[in-house]
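Chain nomenclature is as follows: A, B and C, assigned in order of appearance, with residue numbering initiated at 1 for each chain independently.
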Amino acid sequence: MDWSYIQGILMLAGINLIAVLGLSLLTGFTGLFSFGHAGFMAIGAYIGALMTVSPTTTPAGLGLPFAVGVIAGGAAAGIVSYFIGRITLNLKGDYFCIATLGFGEAIRLLLNNVQIFGGSRGWPGVPYKSTLPAIVIVDVLAVIFLANLVRSRHGRNMIAVREEELAAQISGINVFRYKMIALIVSAVYAGVAGVFFAHYMTFIQPKMFSMTKSTELTIIVIFGGLGSISGSVLGALILTALPEVLRAFEIWRLVFYGAAVILIMISRPKGLMGGMELTPAGIRKVRMERRARLDAQKETQNGQDGEEKHG
Amino acid sequence: MGKKNMADILEISRLTKRFGGLAAVNDVSFSVPEGGIVGLIGPNGAGKTTIFNLVTGVYSLTEGEVKFKGRSIVGLPPYKIAGLGITRTFQNIRLFKNLTVFENVLTACHLSASYNIFESIFRLPRFRKEEKELVGKAEKLLDIMGLTERRDLVANNLPYGMQRRLEIVRALALDPELLLLDEPAAGMNPDETEQLMKLIGRIRDEFKLSILVIEHHMDLIMGVCEHIVVLNFGVKLSEGCADLVANDPKVIEAYLGTTEEA
Amino acid sequence: MVQFLQQLINGLSIGSVYALMAVGYSLVYSIMNFSNFAHGGVIMLGAYFGFFALTLLKLPFILAFLLASVGTTALAILIERIAYKPLRERQAPFLYFIISAMGASILLENIVIATIGPTFRTYPQVFERTPIALGPLAIGRLDLLMFFISAVCLGGLIFFIEKTKMGKAIQAAAYNIKACALMGVNTDRIILVVFGLGGFLAGVAGVFFGMKYTVYPQIGNITTKSFIAAVFGGLGSLPGAVLGSVLLGTIETLVAGYLSSQYRDLIAFVILIGVLIFRPSGIMGKNTVDKA
């Protein structure tokens, strides 16, 4: 196993991680499940490629620097998500899922028909720009931004929406607005992931961004544990790296995903991290919660013992 | 119709809510005076919680008017009404169950800060300052209400009575002027009910609130409420002070039924 | 005009297959209030069961058909027991069910790819394929059979739901399953029956689909369209599922015929988005309100 092989795995995991982190905000922290986020990756990939591909390769290309592609791809995904959100965020929980599924597929089908992007045959010739250092930097920034957002009143409001939507409303939280923020941020993250993906594979095709890809992303978030950023990081690394390592079992990768998801749902829906963070603060929090619970139990115990003595 | 009292914090006029053909609330009018504690009682299904839902904007009304501090709040979404100063608790407790006591209250303090997302992400000075203030406010609230020791307990693991208290604290975090309590004493034993009664009086004074309570525990209602409104089948049966209502034949009939002719 | 009628007939025939699939979605939704995404995988396996019954076991057509349907019935019930029952018992939020369903769907599709392989299979020709002429119009024999069998199955289902005791229990459960349980009705058995019925219909639909087109592991994705049809007609309503399917099949075929076959799949999603914007409960769907 040589370094370039390992590097390839790390890079794919890193690219997946960007999208997974965004989705984690929407699903893990705000409680909205999306089966269409590959659509946002696709938008990012295609718009990003549009910016960077040289006009000599494809007439439509603009040949601009990679950074422009990243910003344009992320922004485009964010803008589209805003319009999708206007339509869908008012819907009941599982109707929202259906809607995201619909939009994800619709985006893919539309791209199949856009000939300047190569249609269903795909678009080759995207310049290779996704180096490992670039991906790592983006990952670190993505984690920091997400963590900062979550540990603020905005993040707490999103968590409240996930926990008890009605109580959140009553507590003055504009539920629609915060769902929209979560959706847009998650779409931008997915779009950026898409740009990096395009400039890693150097070739993009609509069927790379299918419902299966969307579901994979959601599965990773669930596996890592809803509401845990470190869970998403670990989940993305493990679930991207593991199947690559077991290359011979490539065709069984998705079988494994499917079975894993069912197992997680029926036995440990809280996922790997169970909502806790693998940071000093996170571990401290879990310790304090456990101590508080034990103290409370001891109190009731003493109360009962006291009653026995007096009784 | 009673004379209009200019110091009424909440005025409900001819409030009606129809679900299809059924009127859950039918032409109900009453007011809550500023600083007062009003009780809303009636048999199950009388429409009491529906009125709460109408006032807080969870349901849209079919007919009538709701005025808060003299201004109509009809048609406003629940979060805006909460922002204006009306908060509530729920019949079946709706805490953020997986969050700790502290987190429940801290979340509800959000309206006391104004930093935006950009400032959160980049941890700018205004974020740091206001976040510290929010934490301080949450801690103070927990202290006043005697929940500091349990601040790290997950809300779901709180004893029942404390869950109800936490829900009240969370409602107070929004600096309300009108607090709606939906059966706060449900499931409580006489000791706990006694403590709750003292608590209600205390928070009314300390936080300068007006309170509207739905309750079935008659000792709480009689002990704490200065004015009582009785509902049955969505219609207002009676209102007045405790003695008046307790002796009103219509009220007695609604709760106990008429005596049969021998 | 003739072309229009011809397209209409084609649309109706594909609509009847969608109807068989869509009814399965609506049945489960009406009782359990979630969208059983694993249904697509069951349909796909129905196509495979029928295929292997015909080619490997060399069974006569009717037997192969029945075997496939029995197989999918068992499969649907198995999925319910493994992937949903534990969630029901823990009273998990309905979103967990959808995720479990998605997992099952991916599992089924990829087990087939991993074991049997992704190559397309064609059903052996079981009977004459020459179309029947009706004046200037041509009706495929297979289409006629599909339409007929679908009608029989759906008719049987409606009869079952309206006239039998179990059917009435299902109606009651669809209205309020908790109340049913409180009344002492064995809701576990009702759920079993509902999944079994859906599974049976999935088998019929799968075999027909395989006969009309080809057999491949991604058939489950086509059933997304029947799911859209169920949403269009109103999730939870059986007549709605049939109506939505027939309409979708017809619209789709007309669009493909008059505009371009490129847009055939896209129109289904346009309809979905339209429904979700303007009338999420569908043409005949039920509405639920959250009580505070």
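The working rule: contacts are C-beta pairs under 8 Å (C-beta built on N, C-alpha and C of every residue); 3 or more make two chains touch, one makes a residue touch a chain.
A quick note: this is a predicted structure, and the numbers were derived from the prediction, not measured.
Novice: Please flag the chain sitting at the greatest distance from chain C, going by CA centroids.
Specialist: It is B whose centre lies farthest from that of chain C.
Novice: Where the centre of all protein Cα atoms falls, which chain's Cα centre is nearest to that point?
Specialist: If one averages C-alpha positions chain by chain, the most central is A.
Novice: Centroid of chain A to centroid of chain B, CA atoms only: how many Å?
Specialist: Averaging C-alpha atoms per chain gives centres 38 Å apart.
Novice: Can you work out the whole-Å distance between the CA centroids of chain B and chain C?
Specialist: The answer is 48 Å.
Novice: Taking each chain's centre as the mean position of its Cα atoms, how many Å separate chain A from chain C?
Specialist: Distance between chain centres, rounded to whole Å: 31 Å.
Novice: Residues of chain C that contact two or more other chains, please.
Specialist: If we look for residues of chain C contacting two or more partner chains, we find 292.
Novice: Can you list every residue of chain B that touches 2 or more other chains, as numbers and ranges?
Specialist: Residue numbers touching two or more other chains: 58, 90.
Novice: Among the residues of chain A, pick out those that touch two or more other chains and give their numbers.
Specialist: 166
Novice: Using the touch definition up top, name the residues of chain C that touch chain A in the complex.
Specialist: 33-35, 82-83, 86-87, 92, 94-96, 98-100, 102-111, 113-114, 221, 224, 227-228, 231, 262-263, 265-266, 269-270, 272-273, 276-277, 280, 288, 290, 292
Novice: Touching chain C in the complex: which residues of chain A?
Specialist: 31, 33, 35, 87-88, 91-95, 97-99, 101-103, 105-106, 109-110, 112-113, 166, 211-212, 215, 218-219, 222, 251-255, 257-262, 265-267, 269
Novice: For the complex, give me every residue of chain A touching chain B.
Specialist: Checking each residue of chain A against chain B gives 145, 148-149, 152-157, 159-160, 163-164, 166-167, 169-175, 181, 275, 285, 288-289, 291-293, 295-296, 300.
Novice: Any idea which chain B residues touch chain A in the complex?
Specialist: Checking each residue of chain B against chain A gives 56, 58, 77-79, 82-83, 87-88, 90, 94-100, 103, 106-111, 113, 115, 117, 120-123, 127, 131, 134, 149-154, 157-159, 170-171, 173-174.
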